[in-house]
Amino acid sequence: MAAAPLAGYKYEHFLVTSPHPYVAHVEINRPRKLNAFARPQWLEFGAVFRQLSEDAGVRAVVLSGAGDRAFTAGLDVQAASQEGPLSGGGDGGDLDAARKAKALRPHIEEFQSCISEMERCEKPVICVLHGIAIGLAIDISCCADVRICAADTRLAVKEVDVGLAADIGTLARLPKIVGSTSWVKDVCLSARDFSAQEALAQGFVSQVHGDKAAAVAAATNMARTLAGKSPVAVQGTKELLNYGREHNTADSLRYTTVWNSVALQAQDLPAAMTSAFTKKRPTFEKL
Amino acid sequence: MAAAPLAGYKYEHFLVTSPHPYVAHVEINRPRKLNAFARPQWLEFGAVFRQLSEDAGVRAVVLSGAGDRAFTAGLDVQAASQEGPLSGGGDGGDLDAARKAKALRPHIEEFQSCISEMERCEKPVICVLHGIAIGLAIDISCCADVRICAADTRLAVKEVDVGLAADIGTLARLPKIVGSTSWVKDVCLSARDFSAQEALAQGFVSQVHGDKAAAVAAATNMARTLAGKSPVAVQGTKELLNYGREHNTADSLRYTTVWNSVALQAQDLPAAMTSAFTKKRPTFEKL
Amino acid sequence: MAAAPLAGYKYEHFLVTSPHPYVAHVEINRPRKLNAFARPQWLEFGAVFRQLSEDAGVRAVVLSGAGDRAFTAGLDVQAASQEGPLSGGGDGGDLDAARKAKALRPHIEEFQSCISEMERCEKPVICVLHGIAIGLAIDISCCADVRICAADTRLAVKEVDVGLAADIGTLARLPKIVGSTSWVKDVCLSARDFSAQEALAQGFVSQVHGDKAAAVAAATNMARTLAGKSPVAVQGTKELLNYGREHNTADSLRYTTVWNSVALQAQDLPAAMTSAFTKKRPTFEKL
Amino acid sequence: MAAAPLAGYKYEHFLVTSPHPYVAHVEINRPRKLNAFARPQWLEFGAVFRQLSEDAGVRAVVLSGAGDRAFTAGLDVQAASQEGPLSGGGDGGDLDAARKAKALRPHIEEFQSCISEMERCEKPVICVLHGIAIGLAIDISCCADVRICAADTRLAVKEVDVGLAADIGTLARLPKIVGSTSWVKDVCLSARDFSAQEALAQGFVSQVHGDKAAAVAAATNMARTLAGKSPVAVQGTKELLNYGREHNTADSLRYTTVWNSVALQAQDLPAAMTSAFTKKRPTFEKL
Amino acid sequence: MAAAPLAGYKYEHFLVTSPHPYVAHVEINRPRKLNAFARPQWLEFGAVFRQLSEDAGVRAVVLSGAGDRAFTAGLDVQAASQEGPLSGGGDGGDLDAARKAKALRPHIEEFQSCISEMERCEKPVICVLHGIAIGLAIDISCCADVRICAADTRLAVKEVDVGLAADIGTLARLPKIVGSTSWVKDVCLSARDFSAQEALAQGFVSQVHGDKAAAVAAATNMARTLAGKSPVAVQGTKELLNYGREHNTADSLRYTTVWNSVALQAQDLPAAMTSAFTKKRPTFEKL
Amino acid sequence: MAAAPLAGYKYEHFLVTSPHPYVAHVEINRPRKLNAFARPQWLEFGAVFRQLSEDAGVRAVVLSGAGDRAFTAGLDVQAASQEGPLSGGGDGGDLDAARKAKALRPHIEEFQSCISEMERCEKPVICVLHGIAIGLAIDISCCADVRICAADTRLAVKEVDVGLAADIGTLARLPKIVGSTSWVKDVCLSARDFSAQEALAQGFVSQVHGDKAAAVAAATNMARTLAGKSPVAVQGTKELLNYGREHNTADSLRYTTVWNSVALQAQDLPAAMTSAFTKKRPTFEKL
C-alpha cells in the first residue's frame, strides 16, 4: 500500500491513492470503528465518487476497507441510536406517524443517493470485500461493477437482525445481480453469514483470493488492465450494461444505437485498430 | 410429523399443522392421487395461503406434499379430461374459436390467481420438493421464497409433453428466479427430467437433503429461525425483494423509502437493538 | 455432416441442411475468413432466419460455423475499415458530428435487426459455439435459445479491444441471460478470453462437449427431440419465455392467458394426451 | 324507470334492472344516505360488477344513483368514524405505527379492488353522474368507460377537505383519462366544486344533459346501441383500449395481434359483413 | 395540384409530388375504390415512407387521399373477403383454431408494421383528412405528427361495425394522442361518425379548413415552414416527442441528454444563432 | 406586491416573498435581461426550490417573473455563445465528437436537474406565465402543478428556431400534461407563437386573466387556499398525481396504499373531520 496519494482528493474518512496511472484506490478509512458508516461517512462517500466520475485522470477504481479487520461493519449503530431519525429521542417524539415518516424519507433518500454515486460513477469500480463485510457492506458492493473477495470474508445481509428491512439498495439490486432468487431470499430473510466461497458459487463475487492483500492486488491488476484500454469503450460498456439491466431489450438496443452513433466517432476506434495491426500498445486521449 | 393441527385451518385437501410457535406446515394432502390438482385443490390452495397471509399467529410457512411419493404430479389430467374447459366435450363443442377462448380465459386466470396466492402471502414460504415434482409442481414452487429439495426428487417442466405451454406461472417466473436462460429454455422446451443436484447447481433450489424427512426438517428449522425474528423486518424484506424483482432500481429505491418510512417506526427496531446489547433474545409484537 | 441440403434455402454465405425431419442445421459458411461477418453476411443471416421462422417444415434449428477453426471471429474488421460508416474515409469526411451520427444510426440498426431475427425466429435455436467465438459471436449466441460449447472454444466479448462498446446486442442481452453481473461486467469490460468451462459454470452455455463434432451431435440430438414434440407447445413455450424475460410477472401471466386461450384449442393437446395413454408416439400437424 | 328487475341480481344496496335486452342498469340504492358507501356497499359493488362481467346475457351497463339528490356523496364518513381502521378507536389504539399501517393496507386494497371491478368488467359501462357526485363518486366514475352528466351535477375530488389524499383510484386514473394536468392538479389539490359544463370542457364527461332523467335516457340509448353490436368486437375494443392506456405502443400492438388472432375467428365477422351487404340487422351469438 | 412528381418515387398506388423544395406530398391514389387498402396498398405504403425517411432531399411530408371523395374508406372489404386470412375459404378451412391463429398473426403484424412506417419516418408528417375517412383512415392518421381536416370530413372508428376490434393501431395510439378517454371509448365502442368540428374540439385534429383544397394548402404551407428550419432540430424534436410519449420522464430526460450530446455539435446551431443576429434566413446542410 | 421578503431566502437572481402565511412567491429577478437564464440562474433556481421543498413554513408556492416584460425569454443566448459547452470556442475545439459529447452530457443533465427541482418540490407550485414566455419558459412551466396565464402572454417552444431540440424537459413532459398530441407536435416542430387563449383551449394553462397583476393575484389566492388545507393531504395528493402520471394503474394503486397507510395516521384526518362537524376552520400541524 505504498501507493502515492491522488492529488486533489482530500477526505476525512476516505484515503485515495493511485497505485498506477489512471487507477484510483479508495479505502474506507475508519478502521478503529470497523469502517462503520455514520452520516459524515456516507456524505463523503458520495463526494468521493462524484469527483472520481468527473476526473479525466482516473479510468478505473478499486474500493476496499482500510485495515485488516473489516471492509465495513455497516451502519454505525451507536451513532444512529444517538442522533438522526432512528435515535427515537429529541424533537420527533410527539409527532404523529405521518410527520415522522416525512422526516424519515429524506434521510433514507440521502443515504441511498450517496451510496448510489458509486453506481453512477462513469468509471468501472472493482470492490474488494474482506474481513467483516455485513449490512451496508452488501448495499455498497451491489453498486460496484465487479466484486472480488478475500477468502476469510464474513458476509451477511444483516439488517433483519436489527429489526429492519435493508433500505440502502441491497433488496433492490441483489435480485438483479445474482441468479438464484432462492439464495437471495435465504440470505436476506435469515440474515445469516455466508462465506466467500458461497458468494463465489452464487456469482455474487467473481474471484476469491487467499487474503486481503492478494485480493487487493488482483483488483488493482484488473483496474490497471481496464485503465489501459479505450476509455470511450470501457465507459460506454459500463453505461450500456447498467442501462441493459434496467430496460427491456428493444429499449436497450435503441439506446445503444444512439450512444454509439457518437462514440464510434472517437479517435479510439482507429487507434485501437491500428494498434491491432502494428502490435503496438495504443494510447488514448483523456475522456 | 407429530405436529399439532393449526387451529382454524380446516381444509379437505390440505393439512395444516404447527411444528413450532409461529410456524405453519402446509401439506398437499391427496397422496393417493400423487397430490395431483383438480379445481377443488387449487381453489383450496388459494384459500389456505390467503388465510396464512392474514394470520398474525403465523410468521413462516413450510409447504410439502403428504406421503412419500410426490410433492405433486401436477395437473390431475384425468379430471381435466372429464370436465372443465380442456375436456373438449359438453356444451362448448359447437362454439366458435373466439367464444371458446372467452371461456378458457377466466379458467386459466382463476388457476393462476389461486397459485399466485402463495407469492402474495406476506409471510416467507419455504417449499420442500420431494418425490415426483413435475408440471404444476414447478409453477407452485416458483411462487415460494426459498426452495429446498430431497435428493431423489424428480423434477420436470412437463407441460410440453402434454401438448401445451405451461400457463400457471413457470414461464413467467422461472427466467426471473434462476440465472441461466440457456438452462431454463432447455428444461422448458424439452420437458426433460432434471435432478435435485442439477436444480441446486442452477440455483433453482438452495439446499438438497438426503430424503424428504431431512428436507422437511431443514425447512422447518429455517422457518423456525425466521419466525423468531422481527416480523416487520422479515415481511418487509419479502415485500421489497418481490417488488425489486419486478421494477427498475430507481422505482424500487423510492418504494423502499416510503415503505421503511413507517416500518422504521415499529418497536421492532429498538427491541432488536436492545437485544444486541443485552444479548437477550428479543420478543416482537404480533403483526 | 452428410446431411442433405434443405430444399429452398439457397444462400451464398450460409449452408442449410436437414439432418433429421423437421430439423435444420445452419452453418456460417465463410471458413477461410474465420466465418467473419461483413454486411453481405449479416443481411443473409437475417434472411435465413426469417425463412426458417415461416417454414412449417422446420421445427428446430441448429447453428454452427463451417470448418474447424471458428464459430465466427466476429466483425470482418478489414472489410469494415474499407467501406461502410466505420471506414472513416469517403464522403462522410467533412460532415459535422450530428450528420455522421445520423449516418451511423441506420447502419447499427440494420446490423442489430438482422442478428435479432434469430431471436424472433419462432422455432427454438440451439447454438453450437466452437473454435474462435469472439465479438459478434457472443452477440449472435445471445439470440439463441440454448447454447452448447465445444471444450476448446475461445470465447470473448472482444469489442473493447477494438475501441468500442459492443452494440449488436451483447450488452443488452447478456445481463438478462446469465446470473452473475459481476462476471458479465468482468468479461465485457476486460475483453478477456474465457473458456468453455467458465461459460458452463456461469450458465452462459448449458453443455460442454469434447469437440465440435460432439457438440454438434448433441445439439442435433436435442433439436431432433424438440422437433418430435407438439410445435404448438414448443413454439408457445419459446414465445412465452421470451416475453417473460422482458415483462413483469403480471403482464406475463395475462399474455400467457390470452395466448393459451387459443393454443389450448389445438389438436396437439388431445393428441399428446391420447399418446400418454396409448404409449404411442404422437404425430402433430404442421404449424 | 319501469324497467324490469334483472333476474338473478339480488343485492341489498344496488338495484339492477334491464331496460332493454342485453342492457343492465345498476343503481346505487341508498338514497336516504345520499348513496354514500360504507364497507357493505363497496363489497356489494364489487360483487355486482363481477356478476355482470360473467353474465352472457348482459352486453352493456348503465350506472347511476337512485333518487334525485346524489349519484353518491362518497364515503359514509359517519360509518367510517365509528368502525373500521379510520375510526381511531378500538383495538388499534396502542399499536405502533408500522402495525397500524399493516392493518390499514388490506383495508385500502379491498376498497380499491371492489371499485376496480367496474373497470375489469368486460362489458362497457356508461356512468351517469347527477346531483351530488363528490369524493368516491369520482373514483368510481374513473373506472367507467364513458361518463355522461346531468347539467346540475356537483362534482368534486373532495378528499383533501377531509384531510387525506384520495386513495381509491382518482389520483391514479384521472391523469390518464383527461388531457389537462393543470386542471387535474387544480381540482385535486383544491377540492373545489366543478360543474358539468367544466367537466365536459375538460373531457372528463362526454355529454351533458338537462337533468338526470335525460342523462339516464341518453346513457341507456347508448347502451342499447352497443348491445346490438358484435360482443366480440365491443368487448375486444374495451379490452384493447384499457390495455393501450397502460402499455407502450409496441406492447399494445403485439397484444392486439395475439388477441385478434382468435377474435377474428368468431362468427361475428362474417355475420357483420353479410349484414353490411344485405342491409339486415345482424344477430350475434352470446359471448 | 400541379406540383412536379418527386424523382425516384415510382409507386402504383401512391402519387408522390414535391410542391416545394424539401416538401413531399403523398397521395393515396386509388380514388375509384375510395382509396381503400388491400395488401398491395399497405405494402407500398410502408415502402413509400421508408424511402421518405431515408431521403435527405425531403424534410416534411403531407399525406392526403387522391380525389374528392375520400381520404380512405379503410380496408378493401371486398378484397379481404376474397383472399387472405379473413376470406374464410381456401386452405385454412380445416385447420384447428391455434393453427388459424398462427396464420393470422403474421398477417396482422405485417399490416401493422407497414402502417407504422409513417410513425417511424424521421421527417414530420402532416395528414390531411377529407371526405370519407373511416376505419383504417384513423389507424393511419394516428401515425402522423399533425392532423388537419376538411370541414366536411366524415370520420369513424368503424371496425366494430364489421365485427372486429380495430387492430392496425387505433386502439393502441388513440388514447395516447387525445385527452378524453370518455370520448375515445365512445367513438371506438359505438363506431359512430364524428365530424371535423368534433375532432377539433377533442384535439384529434388541430385545424379544420373549409374544404380539401384549403386543408391541403394549409398542410403544405406548414410543411414548407418546417422544411425551412434546421433538420437536426426538427427531426430531433419529432424523435424526442415520440420517445417521450412512450417512456417515463426520467428515461426521456436521459435519452434527450444522449441524443442532444451529438445533435448540439451540428452546424445548425451556430447557423441558426447567426441568422438570429443577422436577420438573414439560415441555410442548413442536408441531413 | 408589497409582500414581505421570506426570511432565510437570500438569492441573487430570485426574489422570495410571502404574501400570506405559508405562501411563498418566487420571482425570477433579472428583468433587464428579460429574466433570461444563464448557468448562475439555473443553479440558484434549483437551490430555491430545494429550500422551499424542505421548509415546513411553506405550503404553497407561486412562481412568476419580475417586471412587466417577461416571465422569461429563455436561455441567455449571449451568455451561452460566450462560455460553456455551446460556445464552440475554447478548449473543446479539437476534441473528437465523442469527447465533446462527454463534455455536453453533464452540462445538459445539470441544467435539467436544476429545473426539475420545481417538479420534485413537495409543495404545490402555481406558475404565472406573462409577457414573453418562450423556450425555457415552457420547460420550466411544465414542472409546475398548475399554470395560469396573463392574457397577453406570448408563448412558444422556441428551440427549433435556434437549431436544436428542446432538451430541458418540454419534449419529455408536454405530451404528458396536455391532451392533443397533434397540437403538441405543431407547436414544438414549428416553434410558432401561441396565445394565452390557445394555451387555455388546449389545457396547457387552466386560467387566463386580464394582465399579469390579475394572474398573480389569482395564483396567490389559489396558493392561499391550498395553504389553509391539510399539508398531509395536499402534499400527498401532489406526490400521488405525479406518481400516477409516470406509472401504470396497478403500480399507482399499490404505491397509494403504502403511502396512505401512514398518511392516514396523521392528526389531519380527525382535525378535518371534526372541523366538518363544528364548521370551524381546522388548524394543521407543520409538516
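A, B, C, D, E and F label the chains in the order they appear, each numbered from 1.
Keep this in mind: a residue touches a chain if its C-beta (ideal position, glycine included) is under 8 Å from a C-beta of that chain, and two chains touch if they have at least 3 such contacts.
Since the structure is predicted, the reported quantities are computational estimates derived from the model, not experimental observations.
Trainee: What's the overlap between the neighbours of chain D and those of chain F?
Mentor: A, B, C, E
Trainee: Which chains are shared contacts of chain B and chain F?
Mentor: Common contact partners of chain B and chain F, which must touch each of the two, are A, C, D, E.
Trainee: Since chain B and chain C are copies that touch, just let me know if over half of their interface numbering is common to both, same, or not, different.
Mentor: different
Trainee: Counting in whole Å, what is the centre-to-centre distance of chain D and chain E, each centre being its mean C-alpha position?
Mentor: So the centre of chain D lies 34 Å away from the centre of chain E.
Trainee: Can you compute the centre-to-centre distance for chain C and chain E, using the mean CA position of each chain? Integer Å is fine.
Mentor: Averaging C-alpha atoms per chain gives centres 35 Å apart.
Trainee: When the C-alpha atoms of chain B and chain E are each averaged to a single point, how far apart are the two points in Å?
Mentor: 49
Trainee: Mind pulling the residue numbers of chain E that touch at least two other chains?
Mentor: Residues 97, 100-102, 176, 178-180, 202-203, 232, 245, 247, 250, 258-259, 261-266, 268 of chain E each touch two or more of the other chains.
Trainee: Among line, ring, star, complete and other, which one matches the pattern of chain touches?
Mentor: Basically all the chains touch each other, so complete.
Trainee: Along chain D, where are the residues that touch chain A in the complex?
Mentor: Residues 97, 100-101, 250.
Trainee: Under the touch definition given earlier, write down the residues of chain B that touch chain C in their complex.
Mentor: 77, 81, 85-86, 88, 97, 100-102, 104-105, 108-109, 112, 116, 159-167, 169, 171-176, 178-186, 188-191, 202-203, 245-247
Trainee: Considering only the defined contacts, which chain F positions touch chain A in the complex?
Mentor: 54, 95-99, 101-102, 106, 232, 262-268, 285, 287
Trainee: Report the residues of chain C in contact with chain D in the complex, numbered from low to high.
Mentor: Result: residues 247, 251, 255, 258-259, 261-262 of chain C touch chain D.
Trainee: Enumerate the contact residues on chain B facing chain A in the complex.
Mentor: Within the complex, chain B contacts chain A at residues 124, 145-147, 176-180, 202-206, 222, 225-226, 229-230, 232-234, 236-241, 244-245, 248-250, 252-253, 256-266, 268-273, 276, 282, 284.
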